[in-house]
């Protein structure tokens, strides 16, 4: 049973068909890439998988369970977490607090307990803080744990977003252009980090990216979208030489 | 903005949990509060005049209301400007139940116990209203939500005004109509109001210190990201509305039983706007800020009622002088003739500070006799706190210099007033127009208040405390930032 | 059922008259919101100032007997519109402009502060007793006309005509002139318009001039035609109702504001006609909430909210 099974996913905005009949399956432990020129509909696919948009037709199954049209927080609760193309951190909050909010998903105590500050709430808060600190250490952010997240440099902000996503203990991570705006060294570090997420933590990762080299080096399976439609699928070597892909990115062959 | 990340006064200030320390702290704080309230009730309350009682009750009720509104607006980031509706619903529910059941003797129980029940009744009714208002927040954002809440507030007010048991009432319901519910037994004691305030601040602070509270902040910061991270944004928003409304309902119940009646004029749009102003001036998101602003502004509003009248010509003279002083300051500053940042000689600083004190004393002498001692105490506390804050920062010299200069200007304006007012009286058309008018402070205070409101918003739109709570780190950064570059945070 | 059906056509006409006033105020709200995303709570008080200016023009500054009555009416309109336009510009310059980048709730509070200031400081300035009112005979068009059983006052017709004329002029201005184009650009995307070379400050000033001027016209007309006594809180409730009208029509949408205003006027009058006069003020808010829940973009607005 695939971790993520997308079938005939289609969405229309008014007269515009943004995504047309896209299907792919992601297996446990895959490093999966979703690429395509600008406007191909990649983020829209993410939005449909995570419940931000409701597809016009088609279905999304997570571990065999139908999740089409569920609200984003339910999808997150089931084990799919995403990052955003334009980093969306909780700016006024500190780095640690950002990650704790991710960990909060798996909390148990009630509102009443929090309001009256009973021992279960205290202990749980501390537990979540520790969990968050551990994650920050993994992502090499523990030295800025108390800093305001909006004050961090760009690369650290991206790492923080991934740390926050990891704190929700997802099974499937969706990363939307995680390498955007990074220099080659940072990109290489990011590659290593993402690979660690799979190798050490057993996560399955789906990545949207523009940087071809990044995707070819990192991903083991790649789906290519153009104008909302799927034009190729396969391992990096096959995609690299696929004429339709080359045409989509570079235009008609001379 | 700092180049390296500056530490934030972290919400997660909770210390490591230790059962022994936890329960000792708990019980001792209960004991302290209980003793304090008991002592207050037995030693202070009997000595208070009616006016003093009114000041304290209203100040702390509004402090409570401000904190409850802050939960919705500041902590959860919603835009609710109809908060007086929840206050009203709590007051009217509690009042009506009391008049129907307690006053008529149907239910027999000690007054304070009944009041406690009524407080919860008010909270429940207001909570239902909070749910009703909160649900549309699913679909509405920002300005639209604001206007919807404003509309709700007005609808509630109008409905209440029309329930006089007569033709236009719904099912003949009598809530007192345009004059409001009358004859509510005055069961509220001051200590109850103080207790509600303390409980409200404690509850809110507990919420923020727990991981649970972070979900509210997350919704404020970025709702979409919060949803993606597993926070049920909808449920969080509705919960915030329900909680904020319930607390306001409790305050309303207490007010009804203090005032003896529930006049609809006390719950108009104005009240909602004042509450929002309190939250914004204190700093949206700051419990300390909301509480402090609520208490302070209400004390000011009530206290200023008693200030004596001022002849129109004197007022215009003062305004002209103030404008002249401001313009003069700007001109001098532009030409760099005036450098206030630490380079003044101590003699000027001292002189200026003395002048400041002199002006304050002058005001006290002229107007102080009429003011309630509550206000005097509050004013002294405020000035002492301000002085402590200034002295505890490294840029104290610069600040003392600034206050000294400010005091000098104030003294100049007040002392020069007769010099300007005299000639003004000589100008014919002026005398003809306004010679006889006196402005009563009761009317003036709103004009001044609104102007001050605009002024504060322009200077510091994020409020005094911004997102932060009170802490010495905050004080240092607040004052340090002002003297150096512009303040951030 | 108890409804006085004979009265209905008359009430409909009254509703349209009331609606015309709301429409004029609503236009100002909708324009300012479109350009600045600001709910200008002080707008209703600008309307009040317009009414007072009309009062002063006709009862204090000029001698009624010595002047051609039509000229007096024109002067009243002129003074009201010009005075309010100036007031609007001053408010924008000193209170709203410094807060261009401030959080929205702070700007809202500032608008409330300005509103309160106009009301209370205005009360200090005016301080007349008994309350002033424009005497009926200033309104030379108050003669009634009888059309098919309904009594229509000439002034009601005049108000409607003036409103439609002003609205058409505004519509043409926004659609045809380059300044109008600039206004539309700014209301679509503030920062991009600025980057494209639009003088945003000037656009905002023009918006306030027009919006406040229209409110002033509304103030003059309502004070003259209705003849109700004036106080400085005269504009509070109409201002809020006009805001609802703007939302109803789709905020940012000019014809929408006019349609919304007319609907609001009719709704209010009909509620009174049905016997529930005490609830007339609540009607506005009920409409508001219904509209916000089911079609927040308003009748003519869009419903898309993109991620």
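Brief remarks follow.
All chains are identified by letter, namely A, B and C, in their written order; residue positions are counted from 1 within each chain.
Note that in this section contacts are C-beta pairs under 8 Å (C-beta built on N, C-alpha and C of every residue); 3 or more make two chains touch, one makes a residue touch a chain.
All values derive from a computational prediction rather than experimental measurement.
Ranked by separation of Cα centres from chain B, the top chain is A.
Closest to the protein's overall CA centre, chain by chain, comes B. Centroids built from CA atoms put chain B at 44 Å from chain A. Per-chain Cα centroids separate chain B from chain C by 32 Å. Here the spacing of chain A and chain C, counted between their Cα centres, is 50 Å.
Annotation for chain B: residues 224 touch two or more other chains.
Counting only residues that touch two or more partner chains, chain A has 52.
In chain C, the residues that reach two or more other chains under the touch definition are 307.
Across the complex, chain C meets chain B through its residues 33, 37, 39, 95, 98-99, 102-110, 112-117, 119-121, 123-124, 127, 236, 240, 243-244, 247, 276-279, 281-282, 284-286, 288-289, 292-293, 296, 305, 307. Those residues of chain A lying in contact with chain B across their complex are 50, 52, 71-73, 76-77, 81-82, 84, 88-94, 96-97, 100-105, 107, 109, 111, 113-117, 119, 121-126, 128-129, 144, 146-148, 151-152, 164-165, 168.
Contact residues on chain B toward chain A in their complex (touch as defined above): 1-2, 4-8, 10-12, 14, 16-17, 19, 22, 203, 206-207, 209-215, 217-218, 221-222, 224-233, 239, 285, 467.
Those residues of chain B that touch chain C in the complex are listed here as 73, 79, 81, 136, 139-144, 146-148, 150-152, 154-155, 158-159, 161-162, 168, 224, 269, 273, 276-277, 280-281, 284, 437, 439, 443-444, 446-447, 449-451, 453-454, 457-458, 461-463.
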